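So, here's a batch of structures to check.
Each of the next two complexes has chain A plus one other chain: chain B in the first, chain C in the second.
And now, the complex of A and B:
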């Protein structure tokens, strides 16, 4: 038979033995290599604060989910990720990401057409909206809108898109049939999010910052109301005492028809030493009831403010809000506390009706939450947007700082799963710092995070704060932006903090957070993050940097050495001496420019950097100058703040046009 | 045919022609009389309107805005809905002009304390100290696209509402003989400015160039040649008529119109104009309305017929004076009349007219059929 041949064939030749040896060695090498790599991956998954990053920080692009939409059947969850310029399509049944759709830069918001066939994503830095086919997920077209678009919604017909432009302080009204901007409606100060009313007659616009007002008055924010039929501003509703109004939800009429808007309520005119007494920075939501179906004038709206904090613990930085379809629950994310608060809408309505006579007093009562909060449910890091499914079964929460979606079972009001969106697992220093920036747990009772007073990635909240001395009304100073502050040391208006490490470390712990604060490694991370913040775009400056005629004339005024009469201007009265372009338009010293008032204990103030100056009113150390013009028309009577008295009005206008380009 | 029969036939034909001519003439005469405003409702302190002069009136759909010495009045459905004053946030007490942005519904208000924007029930103010506004004496305001044009005591301003940028136009960068901008009229291609003492200036939006229109005989308060040019440099307002492609300028010494080729000037001595001292002009279709110190005058350019309205100060009744093209005049008495004969401004709400006077606001309605006191 074939025995010998078999025997012969079973016997390996040397060549075969050699080949097998090589293969085995290769396998061993591969296994070794695999095991050698595994600890690195495990370490990244475990990611302690000191984790080494294997690739340059700039290459690590987190997702940072910030906005959510659901398909009408609830099958697909659309997730807008601001740090990766993508919209993700998540299969809610399989709990996994199916598609990545590339959109414009820094996407922030999302809307879905009434028929569910089209998605619109706002691209904040592109000043555009990406229109996406909700079936094929192909990008159909890009729509040009105003400056810094964030929130958006279509009207009932699906023919009109309303887009809130943060930097433009307005709302673009887009004709979707032609893809062109039909008009722009001026909103309040820094409009971020919008919502279509349940009856489709109005669009509500929540403005992040309060209206500009004298610094000794409490802030007043605005809910702007647009009449959809006429496409005009129908009302500017005062929401007193609060700032940072974010997302908007409306309960069904069967649940009271209230419009809910999360806010922060600062006591900025009280000395900061009162933080340990509680109630200094509270967080809650405006509960706004339109008086009737017609929206004409602010008097048609009743505004009540309800706090969502506990007496001894705060739920900082309300961000997203959603209602369940039948109006039983309202969900409010506390982005600084990593919690979603579940509001019992029935009890909320009962509280409002019972408090009708003392409605305004609710704004300062920290016991309301005991009555109206059904649950506090832990989320991922830095929860932003929240959305409830059409059947009321589930709610989804976008966790910006860990690239996940929390899935909440609304019947049990518990988290049931977390969807990993697939972001990088390693933590860069910047990301660690960013997490700290949004984290309110470092503050006494969780009252605030860095982001509480520097919302929207480092913006100033536009308020004057009593930070310096314990006396009421003394040394009130304007908050400052965090854009481009690297290299502008020292910090604070009195220049006492030589570097940001000092400011964010022991000083923040002692005077602001009233807690142990950040450790030295955390401070390092936080400073790294803050120094990375810049104004992402300056809409006043042409893309190629070319100045308009007025801006060029203004530049000449900024750098002039001679007055209109031809006299030499003393160096200390020239703009560019103290606001040197070589050092971010600051001289990094403290100077008396005649702006101190009788309420200040010092007269020399830090020279602020001017980059992005147009985006950070009010001005001067105490925020007295609401507009750039005020600095020179009202607060420079002796030319101590530069020689400006010889300028005519046109020259001053030109100077301002130039400053706006910085 | 006999001679007699032939003569009879000729007489009959002639009579027929004469009759036809008379009928035709009468019919033409009926056509040549513009619609008359015979019914007036007045708004005075007696029915909640502020006292004093009404400087301007602007129709805003169903709303009517009136600028007065004591604030801004909002009327709805024929009722005074609200009087806004500085306590409500208005920039100044005296309101000289109002313009409504058709795009967003914002109401821009020129006052003697700066410029105000009324939007969504709130006022935002722009003054010389807090904005790029050249001067707080705001006489005129108009909206052109995203720009708001402002006529002030120190030249003309343009505010780009999207960028917040202010531009100033005065003697340093435009042919302003005087800095006093009084009125503004917007056309598709140009902006027209009435400059007190400086004639009319037009600004070409595409070319960004200026063109002055001045009185060819300088400051002389007489007219050497009737249609030589602008009648006088003291221009109180200007109104561009898109349908006739003509701008009309009201001066303190007569009315001027320019159609791009020819001037059309009118004085009391050779027309039905109620007074040469004209505070404002408003032109639409074939009509030119002059708000004068001696009454409200309408020129029907199609028929060259003038109709002037005035109030009998003693009886309060109205008087309409129709001046036909042939110089013949017709007086018609009406039971009601404008609130005062000193007229400052007009605007239209469909066929209705709103009239700002020295003592109240008037709402005029056209005669029904042949009713006008004949």
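And now, the complex of A and C:
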């Protein structure tokens, strides 16, 4: 039971403010001594995030279409627009928007009932699903689901709705007869999209991020399979070496019945110097032959990974996938390349008939796309979802960054028209920056965009990358989130980039994109966009900001200045000294907290901001700590990373509960 | 872009934008300085006609290799003032005017291209006759700060500047006859074959990049031939293919400002409309001389500015190979047998200098420091000291360059495995192969 609630976590007591002040002064003194040789401090301190970049123009609301559904007769195209909190109804014959239906906040996904009479739109920031009458377009009710819902589907009866909750790492099973959540099933890491199998026995769930694992191993992602009859997890299918699995399509059984899931296949363990040689970030799709029965385990699923890139030209950031009804074609959008690849399913099937060893080798083959891709067709900016009409005549593609729908004639496999959804025509700085963020054409051979490693609007991909020179193989560092980084300069784990302009300008161009990169104006736009990124919701914190008992106890631990024995904790061993709430829970300096390994050439690392910390595992500079508790129980033996050795299990749990609220 | 089955047809004439052509009465094969034994001229065409207007280079005995600056205001070309004099790179206003000498090469300079940031790259010749070699240099547009970016041996020539900011080069192979296309960064780092599809004796050159990234070039059957087939390599394709109907007779190809091509075939110039199934239209044919090269006088999109990450002050670079056993040279894709070491050899005047050996880990990786800006090649050594595989061509690293590779003549269609190379987990690497200890010279 929860006891009396504490006041907002953002409010400090006078005693805490005084203590922070003293500690900060002590820290400043210590840090100045420690880092007197580092000119970076002076430059970083003088720069605020607002000095160069204008605030985003909040009044301009773009549509940003991200999810599509078609009415059963193909007359209406339903378009979910994440930036305007609406679902649009598009008349496919007239190619114009007919209705705007207000839904919840940050809608991301859409499902249609088997009878076509009801639409369900997931509202990511509302933690809800909006149920809409597909004839009147009236909102019938709002269904509460888990944290951060995105993908959703009904079962074949239409009585059950499955909703992937990205932040909750689970799937809500909703009884649509009562409108209540029947259960939550544990998914993989960051489940985004779901699909009902063609035979209606299974729900497939694609997880955006790989399972948490030691940073020196390739990622392994999961396709979670739910048994619809029992509403239990039937299988957790490993998809090795990939991350960012997105939408799901299933070819008809006549075309092999393969489940297709776009992915990114990184080479984060190779040094970054491989980028000019190509193949560093590859993009393709998992082609999964399902088990014959929904009750079969993961070993019964045959997973083949096929790259959709070419030798020296990449199709970054696969996102949407759809099949034509007869299974002749599969369509995969490359959201970073503004292209939809038309896969010849017959040739794909032929490719999959190779020996097991040859199929395994496809995961790294950059020439197999030449065998199976019938066309590469240009789309609008940042194509996301794609859907084919029931008669197989047309495909529709949602272009997030220009508020349009591309209409493709599948007979000719050519774009025949573009539907303007009616978004604002002016380009704000934020929008310009956002476009750049998703655009892989700035990278050599189009291998990656910013979004490639920071998916889902600035999330960390959860991988450690071998980025550094001059000593290759050293200083492998965990990717960091882009949420709430304004005011946390300097950047990089070694703190060498005094501002984001430096990081995203010349350094990105020279060492990552290996290209001309962004010009100064583009960098300004991009920085403006990145600084606008925040964790949209923190499910761990009550809406009114009050803390639970455990969170309050954890806050006391965070702000404590005495150990359990009553001894005064030296300022530099207090949590809040280095993770000061006055500066986004970072001190914006580099400190040695004893986490360097023999493969690091430096011992002091940038103090990360803690806002949204619960959403960005793994932890520490190299991603060794898979969970928050590991930071103190496994990687802080000498209390260099704050005095934590005296904390008991309950206190650590409380501390974690508090940190989750930040 | 058309596919490889595009047919090249040949009906006559139509209008075109401003074009300058190189006209020569006699065209010879072989040495670049002997192409036009009776001289050549750079002549401006009258737009929309087959007629030529003024000669842009009346002061020159011979000219070749015209290029237009990105803003369309200047022409860069190789020129020979008098018969027998040294070829240099020159620049004139596109509207005509006094030529400015850009280079002052001792033996000769030809084939230049504009780079962004007010630089040019050009081909600098050395030696004569059988001892002829050439390297690629980069300098300011003024000619100042000239520095080599290739480090032979062989004959490196500039083909074109690619949109990515890289340079497309051609160079002779180990047999001294074949000429293959390579890509290199403008600072000389990252040399790599464009494709590993070079056939014995094939001469590839006169290459251009189309707007979609397709590389189009002339493939001559021998070094003595002045014309050959027109081939193209589409983005992502493993191999170049001959354009149907363009199997022989082509001397050069140029891109025009409207996206069309201008090709030289049998002494005449044709524009090629790639959107119309390769339809060819006559642009120039004259008894005054063959049209052997052409260039559109128009502004065009600059290629990307390349940002070098070299450290020129360093005298060494590093080689990191992820898996030395990975190769395209055997059907299995992997070298049979266990490779234990890699030997690095440097080319010297009198032979080869063994710089030393570096360990090859069980995952096939190795990491070594080697001298910068000298021709080197690698040998893979087996358990008993035998040479398991030997590199036939020469390569180099630049000062401060970290040259990564996935294997040894590995398939370009194979992305590397995602794993930490074991060579990087050692603390005694990179193996230094720059000292003199244990060196040996092979004749």
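Just so it is clear, the second predicted complex is superposed on the first by the 597 of 662 C-alpha atoms of A that agree within 3 Å, B and C clash if a C-alpha of one lies under 4 Å from a C-alpha of the other, contacts with A are read in each partner's own complex, and residues count from 1 in each chain.
What we mean here is this: a residue touches a chain if its C-beta (ideal position, glycine included) is under 8 Å from a C-beta of that chain, and two chains touch if they have at least 3 such contacts.
Not measured: the values here are computed from a predicted model.
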Specify the outcome, clash or fit, for chain B and chain C once both structures are aligned onto chain A. fit
Applying the touch criterion given at the start, work out whether A:273 contacts chain B, chain C, both or neither, answering first, second, both or neither. second
Considering only touches as defined above, state whether A:472 meets chain B (first), chain C (second), both or neither. second
A:531 in the overlay: touching chain B, chain C, both, or neither? Say first, second, both or neither. neither
Winner on chain A touched-residue count between chain B and chain C: chain C
First (chain B), second (chain C), both or neither touched by A:146: first
Have a look at where A:230 lands relative to chain B and chain C in the superposition and call it first, second, both or neither. first
Output check: A:313 vs chain B and chain C. Expected answer is one of first, second, both, neither. What do you get? second
Figure out whether A:137 sits in contact with chain B (first) or chain C (second), or with both, or with neither. neither
Considering only C-alpha atoms, give the closest distance between chain B and chain C in the superposition, rounded to the nearest Å. 23
Does any part of chain A touch chain B in one structure and chain C in the other, and if so which residues? none
Any idea which chain B residues touch chain A in the complex? 103-106, 119-122, 128-132, 134, 146, 154, 161-163, 165-168, 170, 172-173
Residue positions on chain C within touch of chain A in the complex are 164-165, 185, 190, 192, 213, 235-238, 304-307, 309, 318, 320, 322, 367, 402-406, 412-421, 423-425, 427, 430
Touching residues of chain A toward chain B in the complex: what are they? 146, 168, 170, 183-186, 224-225, 227, 230-236, 297-299, 539-540, 550, 626-627, 629-630, 633-634, 649-650, 652-653, 656-657, 660
Quick one: in the complex, what on chain A touches chain C? 216, 218, 241, 265-271, 273-274, 276-280, 282, 307, 309-313, 364-367, 369-370, 444-445, 466, 469, 472-474, 476, 506, 509-511, 515-517, 598-599
